[in-house]
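Given below, in the form of structure tokens, are the structures.
Each of the two complexes below includes chain A, the first together with chain B, the second together with chain C.
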Partner chain A sequence: MREKILVGLAGLAGLLLVRNLYVMLLELPDEAAQGAIYRIIFFHVPAAWTAFVCFFVALVASVLYLLRKNLRYDAVAVSATEVGLAFGAVNLVTGMIWARIIWGIWWTWDARLTSMLVCWLLYAGYLMLRRAVEDPTLRARFAAVFSIFAFVDVPIVWFSIKWWRTQHPGPVVWGGGSMDPAMYQMLFLNWVPVLLLGAVLTLLRMRLEETQRAVEALRQFR
Partner chain B sequence: MDERNFMFMFYGFAAAWLILAGYVISLVRREKVLKRQLEQLRRMLEHQEETP
Partner chain C sequence: MRFVRQALAIAAKDLRAEMRTKEAWNASLAFALVILLLFSFAFEPTAEQTREIAGGLLWLVFAFAGALILNRSFARELPNDCLDALVASPVAPAALYLGKALASFLLLTAVELVALPVFGVFYNVRWTAQFWPLMLVLVLGTWALTVIGTIFSALTVNLRLRELMLPTLVYPLLVPGLMAAMQLMTPLVVGQPLGPELYDWLKLLAGFDIIFTALSLALVETVLVG
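The block that comes next holds the complex of A and B.
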């Protein structure tokens, strides 16, 4: 049953992505000032939103773990964090490629870029912390506390372009910026398959965590 | 400029998919290793139970 849900979600995400790629490459026009490269926004922004959703899921699961001490919540937290990191990497790398053309530089230490990099490094630290602790219960407790602490950076990343003057442009969505309605619609339409992909990867990673726990349990009997 | 602009758009798309594909490959590889370990441990425990 779970396998069928995974295949169904992945198939749906694939179909939507193919449809969206067709529209964004062949139907939407180039942007007047940026040309073709603006299309990176359709992956750059949904990747960031998906990463933040994953980190939020990890936050909720971490709080629930601390309250209920059920290792299943810990499995959800680590799975969502790892998938969030993958999407965070997509956001950072696509942003750098876009910046190279538009700003003429790969990177600048402005508030948005720096806070996103710090966010990524914090969650990478979460995974490193987990590797350093062997006892599963202790590991889950330390990781849950760390995850709650790391989430503090997410609103800083989100609001950095409102709070400070940055090289990164101001918010296009929920913040006064403007965009052609067809492009604006595509931004959200492409978030759907990207988010679905995030859900599929999280479920796959949870299955891996279950196998990992079975291996750890059997090792104790050995 | 236009050609470079177009090229970098594809670099961006390719980078996004390569990162996700790399992550999926790492998941598959880790699952294979863990399943092998699980099988070995099960066999080892069965063997231990059989021998007095």
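The block that comes next holds the complex of A and C.
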């Protein structure tokens, strides 16, 4: 059953993606100021949103783990965090490619870039912490605590860096103009398959985590 | 009341143990001085440009020196299974945490108070001109360092690669607090008063302290006991 749901969701994500790519590449015109490269936003922004959804899911799962002490919640937390990190990386890399072409530089210490990088490093720390703990229940407990700390920290990071950079203005982030409605709509339309893909990957990763746990349990009776 | 007494007893115990061995203090102070020396090779120490980054430099020194003290905070209890005894004792985990944070805070502040005049001499800044505002920022920033450092000292104490894990986990979390402290310290350490545009940073730093003190107190029992 679970297998069928996974395949179904992945298929749906694939279909939507093909449809969106068709509209994006063939129907929507090039953006007036930026040319063809603006299309990267249809993946750049949904990737960021998906990453934050993943980190939020990880937070909820971490709190639930601490309350219920059920290792399934830990599996959800680690899977969501890993997938969130992957989408965060997509966000950072696509952003850098766009910046290279529009701004002429790969990176600038703008508020959004800096806070996304800090956020990414925080959750990378989460995975490192997990690797350093042998005992599964101890690992789940420590990781859950760290996940809560990280999630509380991210909004503070965002506000502080925004203040910092508004005092010393950086390069223009966005043309300042508003987006064409058709393009704006596409942004949300493309979020659907990206989010679905995130869900499929999280479920796959959870299955892996559970199999791994089963193997570990069997090893104990060797 | 009982809670405060317990926390103070833990802090006094930690400080007494530290006074006798001086292991964390010596390492931290020596490290801070070495970094101050190394910075002088990275850029021209007396140049005007140094004044603009003075606050950032100092907090980097304090954060590095702090990691050495915080690493020892719970690691000190590992020999003879002292940590198990402490957790099993009638002391509340939150009181244990607060006592340890207080001890680390005092130690790190002491290191900073030695490093500051050295910085003033080496880098030719008049840091005493704004003494009390500077002390306020020092206290708030150091508390931010110790409050997060102590809970993660408890969390990483039994891990492989403990000494590496603590700074890797703590520094990204500290970004807002350190940034505020750096912003505030930069004018103060060269003797200029705090402008009103910096009050928001002071609020951010204080808020950061309050949020993470509350979160750590709420979660320390989970970390130590489960």
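Worth pointing out:
One rule holds in what follows: the second predicted complex is superposed on the first by the 198 of 222 C-alpha atoms of A that agree within 3 Å, B and C clash if a C-alpha of one lies under 4 Å from a C-alpha of the other, contacts with A are read in each partner's own complex, and residues count from 1 in each chain.
Convention: a contact is a pair of C-beta atoms (placed from the backbone, for glycine too) under 8 Å apart; a residue touches a chain by one contact, two chains touch by 3 or more.
Remember, predicted model here, so these are calculated numbers, not experimental data.
Of the two partner chains placed by superposition, only chain C is touched by A:S160; chain B is not.
Residue contacts after overlaying the shared chain place A:R205 against chain B, while chain C stays out of touching range. When the shared chain is aligned, no partner comes close enough to touch A:R112: not chain B, not chain C.
Look at A:L129: by the touch rule set out above, it reaches chain C but stays clear of chain B. Contacts of A:V215 after superposition on the shared chain: chain B is touched, whereas chain C is not. Legend: residue contacts after superposition of the two complexes on their common chain; A:V152 is shown touching chain C, with no touch to chain B. Chain A has no residue lying at the interface with chain B in one structure and with chain C in the other. Partner chain C is touched in their complex by these residues of chain A: 66, 118, 121-122, 125, 128-129, 132-134, 137-138, 141-142, 144-146, 148-150, 152-153, 156-157, 159-161, 163-164, 167. Taken in their complex, chain A has these residues touching chain B: 34-37, 39-40, 43-44, 47, 83, 86, 89-90, 93-94, 97-98, 100-101, 197, 201, 204-205, 207-208, 211-212, 214-215, 218-219, 221-222.
Those residues of chain C lying in contact with chain A across their complex are 148, 151, 155-156, 158-161, 165, 168-169, 172-173, 175-176, 179-180, 183, 197, 200-201, 204, 207-208, 211-212, 215, 219, 222-223, 226. Of all residues in chain B, only 1-2, 4-6, 8-9, 11-13, 15-16, 19-20, 23-24, 27, 30-31, 34-35, 37-38, 41-42, 44-45, 48 touch chain A in the complex they form.
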